[in-house]
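Both of the next two complexes hold chain A, though its partner changes from chain B to chain C.
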Partner chain A sequence: MTESNPAAAVRVAGAPADRARTFAWNPGLVIGLVMLVVVALTAIIAPLVFGAQATGVGSDPGQSASAAHPLGTDTLGRDMLARTLVATQSTVLMALFATALSSVVGIALGIGVWLAPRRLRELGLRLIEFAVSYPTMLVAIIVAAILGQGVVQVVVAVAVANIAGFARLTANLAAKISASEYVTTARLMGVPVHRLALRHVLPNMAEPILILIAGAFSGALVEISGLSFIGLGAQSPAFDWGTLLNDGLSRIAVNPIVIVGPAVALTFTSLAALMVGDGLAAAANPRSNSTRARLVRAEGEPALVATEGDDVVLIADGITVTHGSTGRPLVSDVSFTIRRGEVLGIVGESGSGKSLTASVVARLLGEGLEASARRLELGGTDLIGRVSGRTLASKIGLVYQDPGTALNPALVLGSQLSDVLTIRLGFPRRGALGLLARAFEAVKLSDPEGRLRQHPHQLSGGMKQRAMIASAMSTKPDLLIADEPTTALDVTVQREVLSLLRRMNEQSGTAVLFISHDLGVVRALCDRVLVMKDGRIVERIDDVATLSEDTVEHPYTKQLLAATPVVAVPREARS
Partner chain B sequence: MSTTTADSFAAPGPGTPESTRPVKAATLAGAWRTFLVRRVVGLIVNLALLVLVTFLIVQLIPGDPATAIAGESASLDQVELVRTQLGLDQPLPVQLWTYVSGVVQGDFGDSYRYRQPAMDIVMTAVPYTLTITIAAVVLLLVLGIALGMAIGVATRGDRRRWLDLSFSVITGIISSIPTYVLATGFVVVFAVLWRVLPPAYSPAYNIGAAAILPIASLSIGGICSVARIVRRETAVILEQDYMRTARGWRLPTLTLYVKHMLPNLLTTALTLSGIILTALLGSALITEAVFAWPGLGGVIVQAIAVDKDYPVIRAAVFVIGLISLVMTLIIDIILGIIDPRTLGGKRD
Partner chain C sequence: MSEVMVDVRGLDVSFGSARVLRGVDLRLERGRTVGVVGESGSGKSTLAKVLVGTVRAASGTATVDGVDIVAADRRAMRAYRRRTQMIPQDPYSSLSPRRTIAQTLAEAVDPARGRVTRHEQLIAEWLVRVGLSADMMHRFPHEFSGGQRQRIAIARGLIIDPHLVIADEITSALDVSVQAQILDLLAGIKESLGVTMMFISHNLAVVQRVSDDVVVLYQGEVVEAGPVEQVYSDPQHWYTRRLLDADPGAPGFSLAS
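Entry: the complex of A and B
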């Protein structure tokens, strides 16, 4: 069993243009390969050097560990170390043959099933599923029952048992890859099917299949030795690690040292194959390194003057975000305030730092980033330093970009959305659910009680986003942070969500920090707008109503305006 | 719990003015019905295939099956006796019909060696195998998930790299030790050197004490494998948007991990546990040999290697296959209760 993720490997392979296939060597892979080389060398050399010692009857049988026989001797006085080393050849060869046989037949079957007409393909996939659901060991035992005992029989048995795994992976990968754009393109250009399979599909399956081969080799080794161990494999005088272990088991009470050789050899080789498999998987999907996020207070003169108005909800002064390990600045000295009942928009292209700015205000900065601010206050609470979860939960409401992923797929809405109310704000469970039901009603979700019992996947995207807004507003926050809340929704649903946000803002007087890349959306909703580019505020638009290319100064804003059609959002709620 | 959940969804669904699939979106009862129908049909098909496979075990023996089963030293009369006993002198469709009608009544013929119905011999062994297998599955799921989750949370965002590294190395080594090697090692350490546990099953020992080593050797490798997978999955889930949402609600650590992360982990863990379970059943067959455990492994190996007792082989293969089919079904039902999304689609 390899703990690989073939799907991820396919994704990488499927996008050769934007991510070059760099092979990341890692220590596990190198160590595993070195171990395999050691095993291979032993398999080649040991029979030549120790062959006589391993099979010749010795003078002192049943010995424990000694200088002459570090791992003892068996009942016929044969040195166990020599026997273990010599058995490497037969064991590894058997495992290799079985793996080769199962991978070749399995891959051929998988491709065949994928190329077959639809009916046959469905049937083939069913049969493969059936075969896979069986314990490999049981299949091997069935085959051994048919063919009898012996080396060849065991190799065939284990190979047959592993075919289904290869066939399934190949068929799945082929299905995924054949649905990909470059194969569709090739097909449209009239490339024949067999060429398609050889040139486009097979090479892109190499990585996941290599990983499976490493796993299958380890599996075959363990299974073949296991069958030998229970007496179905190599028969005397032939011997492999499994039979050596079995011989040792019978004398375990008298001379336990004799099992050490085969036990260590089996574990060593299977570990080597496992490390190679894991190493290959890790090389295909390198993980990024990061450290935890920090927010610290920066020294210096405040950039904001006259911010002490009585209705100011949020004061953010000098927000700066840098990448932890490289020190690259991502947001530089961003300052703004939001008044009660005001909707402040931040607009900018992706990578301009607008979402990072919002995440600093929300105290949800991602891992690996460092942030500082001269001043960050929300409704009189200093947000720099330690702030209780309860305070943050009650003061800040959050709405995210993609309602499809922002809700927990495994929990019903009522259960996940009420947690903040019951745990952080001390509501009784029933009261929290009642409050949520009313909040659902306020965002015009039909049958609120019924919705609370549903899982996220049972709602449409727009409904999920409205549920998120309802939940965010249920804590009666001072500030609602909406980070691209309409980007993942289609246009008609966008309008609903925007007018809902506007209505919530007007009814409750909650200040809103609205992040978007779409100036059209922002100018329709917001009272004031900040334009960000490369981590800096390049334009502050205080009067959205009269906004035109003539009233702005920065060329980037002019570009944005020129590229944006005007969108009107009705100020009144939909009836 | 399952029924209440399903029923509450069956309640008249909220009117859904803008849902594209108003009927489907509202209830899970339909999804459950389709799921159960599909699984029952699948089970029947699989059972039929299983009967066919066990039937073919004898027919596929290379050369003349009757000669092979009777043994090389058998007289011509003995070979003919075997031939008539197994009905090999009949045309193939008749053989299949006789076999199937026997199997439907649980009759796989009499064991050559014990002169008793083969099914009786197999059924005597089943409880022993099920005991250690189920105990091992429960242990490896509970401990594997707990360990993997704890390590995954403790090492999130590259914290405690030493812990991550030592966890990977230790679990990697342990999970690559074949179960029967581990079992042999346990016998040496606990039964031969320390003499605290019985080395093998025997009526003389307390069965509870005798079961400890088989269960431990079956589950420890699996615990490490599951923990490795869960640890990796934990890292993935911690990056998910819904976990950020939960952090945005400022939920306490325990709620965050147990309520919001664990159900999503279980989906992966249980999906995998189906595979692990069938693998475990296979390992159990071999591990039993180490402890002389009177389960199916001993029965089937004895029947193949020593007695050529084909009625017993057929019955044992059928029962083992049945166990893995039923266990897979149970796991899928549990999965459906935890995460109804798995009801609809095919898993791979």
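Entry: the complex of A and C
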């Protein structure tokens, strides 16, 4: 089995994960933070202002809501609003301490497990998984029952219950981060293991840990209140929201208003923490809430003239793509046509817009982008506006860069590669499989019938890519779009796949739009080539056969040609 | 004059029942660069791993600067590893996103403490040498392009003056124009500092730009070895010929199969 070249996969994967992190503020995060500030201010100020009111015995016990006591009074006549506000401090402090304790111990445990020798590590991971599977509340109750009543005991109990969650996250993140190249390189340089943990592993897990802390705080708040509610927490005369709830519950039938205060406060604070956690998660992954890309018609004079020849398959006029939120242009006014039976190459480096241009044609533009075109027609069908999946599926075939990730490893080839025939084009299952088997035969895959029942891992990289091409061609499309189809392959396999594409194109007359960063590959396969840079076509090369640094005009094309590595050997020497 | 830096003889490596390297021989003189070419499964990355000491050979000898790393014990290996540096493939994952360039380079100089202040002069010098500027040292990796990151990775690999540098597909994640710049940089550094380097790549043309010698690996075996010009102009093994013919940029390349 040939493994695909991982280096190549990196190149076209586009934006690297850690490119310029701009923090994406979102409404949930802002609201949550504002709510937490309100809670914090209350916790600080309330005991100073309402302290006497909350603890001083009043003259009218058991009151319902009144102007003097909006949330009523308890059995000793103390104002419930004041008590709720004053209890903020003790409750929030307890939850904070519990969260801090569980995160510090949990992270230390997680790192410790990761540092441990293999046997011990696996045992540790099992134990952590086991601990995580118990509900935290249950663990907290059991621990509190062992430790006995009191504020400290409750805090410790809740902390213990939450440790496993932190330990598991830390151990998993540490395993993931330590597999990255910067950690393996540091390890090879002889950096001691505890330094690895402090320098590389811990700092790079800050984001997910922060999100977990917000969630754990919310949980701890509820758990501590729960323990206090059942009488394990703060003991009279101390009080927190849990004890207030407990006091109120006994008289819920007579004076229901008294539980409103602690109930609302508890909900408000835990909601605030949850919103901050969700907000942080959304900020860490800003793509998760962007909008779907649209393609709209742009007005204006067409850039293409004399495109009405009857052999023109694709007319693309004025394709423009902009980044949705920033308005940054990614592809600017790109126009071209492809004739029947022609192979058109688009060559360019990362950021040139070559793949985006192809994805506009295939109507597969990613989220958060906006596209427009003056004209986009394939085989007489207008592709701007609403286009049915069936039309796209029958007119366009797609071949991607990495056959290793384009195929689902769990499914046999026959079932996943015939999907487009059965689902989009309505072929019966048996007919679709027959068609696919013939397509496999056409790309020279041995034992085509048998291959239908094989899983992707049973094929080499080159065979997988041939199967992908067969599937893409099985619908007899007007246009085959191949985006870096050989970049992940070895050179000898690349040669086979290029030859295959050439042969399929000659036999079927299907036009091909071939995207590549490699001018050498493009030159070998294509009839015409467009050179793209920074979202624009900088040069159109019509005569590929004589292509050289002398025949091209644009300095960028010359630069690309000069940079493309070519084995420099006089051929005569090799006969 | 010519002192042998790397001398590998009859190296065998197996993973389970799979024999990944079979009787590999390789000789590299001080100050020269050997290109290792081969496709997926050829064993070229495994050979690199044996030389940096993360994979143990089953049999054979591999002597680097006088140390036989197949026979060496743990302590000898620890000292050895410091002096063999690897420049990794992917510039996006090889630099810690939360550490400045100066911190990353300081760690290479002094793995235990990694203090920047003590080595600032050396770090500044190396940043200039790889075509960046000294005032960039307090920036973070995300402020750099892929090519610039690879320059930083090269500086990290060379800053301690290692006896052997292994560059594993270091340009394959880069655009062609950036690749050309990195290859020029490497060729220049090699010339001025006399670095001994093993340059691993699947791309024969790239290997030709920086290497003096070349070793062709096929299914774990060395099928051809010698000076680059000689091997490329007069390949003896059918597999070498096939690799050369598959290079799409070569004159005379055609898709007729």
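As a working rule, the second predicted complex is superposed on the first by the 310 of 575 C-alpha atoms of A that agree within 3 Å, B and C clash if a C-alpha of one lies under 4 Å from a C-alpha of the other, contacts with A are read in each partner's own complex, and residues count from 1 in each chain.
Criterion: a residue touches a chain if its C-beta (ideal position, glycine included) is under 8 Å from a C-beta of that chain, and two chains touch if they have at least 3 such contacts.
Please read all numbers here as calculations on a predicted model, not as lab measurements.
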Exercise for the section: Using the touch definition from the top, say if A:405 reaches chain B (first), chain C (second), both or neither. Expected result: first
Problem - Which of chain B and chain C A:328 touches, first, second, both or neither - result: neither
Exercise for the section: Please work out whether A:393 is in contact with chain B alone, chain C alone, both, or neither, and reply first, second, both or neither. Expected result: first
Exercise for the section: Considering only touches as defined above, state whether A:416 meets chain B (first), chain C (second), both or neither. Expected result: first
Practice task
In the three-chain superposition, say which chain, chain B or chain C, touches more residues of chain A.
Solution key: B
Practice task
Please work out whether A:136 is in contact with chain B alone, chain C alone, both, or neither, and reply first, second, both or neither.
Solution key: first
Exercise for the section: In the overlay, answer first, second, both or neither for which of chain B and chain C A:438 touches. Expected result: neither
Exercise for the section: In the overlay, answer first, second, both or neither for which of chain B and chain C A:430 touches. Expected result: neither
Handout entry: Overlapping contact positions on chain A, where the chain C interface meets the chain B interface
Key = 3
Fill in the blank from the handout: So, in the complex, the side of chain B touching chain A is made of residues 8-9, 11-20, 25-26, 28, 45-46, 49, 53, 57, 60-62, 68, 156-159, 168, 172-173, 175-178, 180-181, 184-185, 187-188, 191-193, 199, 225, 228-229, 232, 235, 240-242, 244-252, 255, 259-260, 263-264, 266-267, 274-276, 278-279, 281-283, 285-286, 289-290, 297, 300-301, 303-305, 310, 313, 317, 320-321, 324-325, 328, 338-341, 348
Problem - chain C-touching residues of chain A, taken from the complex the two chains share - result: 2-8, 10-11, 16-21, 180-186, 188-192, 195, 199-200, 203-204, 206, 349-350, 461, 490-496, 498-499, 502, 517-521, 523-525, 559-560, 562-571, 573-574
Problem - In the complex, chain A residues that touch chain B - result: 1, 3, 28, 126, 130, 133-138, 140-142, 144-149, 168, 172, 218, 222-223, 225-227, 229-232, 245, 248-249, 252-253, 256, 259, 262-263, 266-267, 270-271, 273-275, 278, 287, 289-292, 362, 364, 367-368, 389-390, 392-393, 396, 398, 400, 402, 405-411, 415-416, 419-420, 423-424, 445-448, 450-451, 453-455, 457-460, 462-463, 468
Problem - chain C residues touching chain A - in the complex, by the definition given at the top - result: 39-41, 52, 54, 78, 81-82, 85-86, 88-90, 92-99, 103-104, 107-108, 111-112, 114, 141-143, 146, 156, 169, 172-180, 183, 202-206, 208-209, 232-235, 241-257
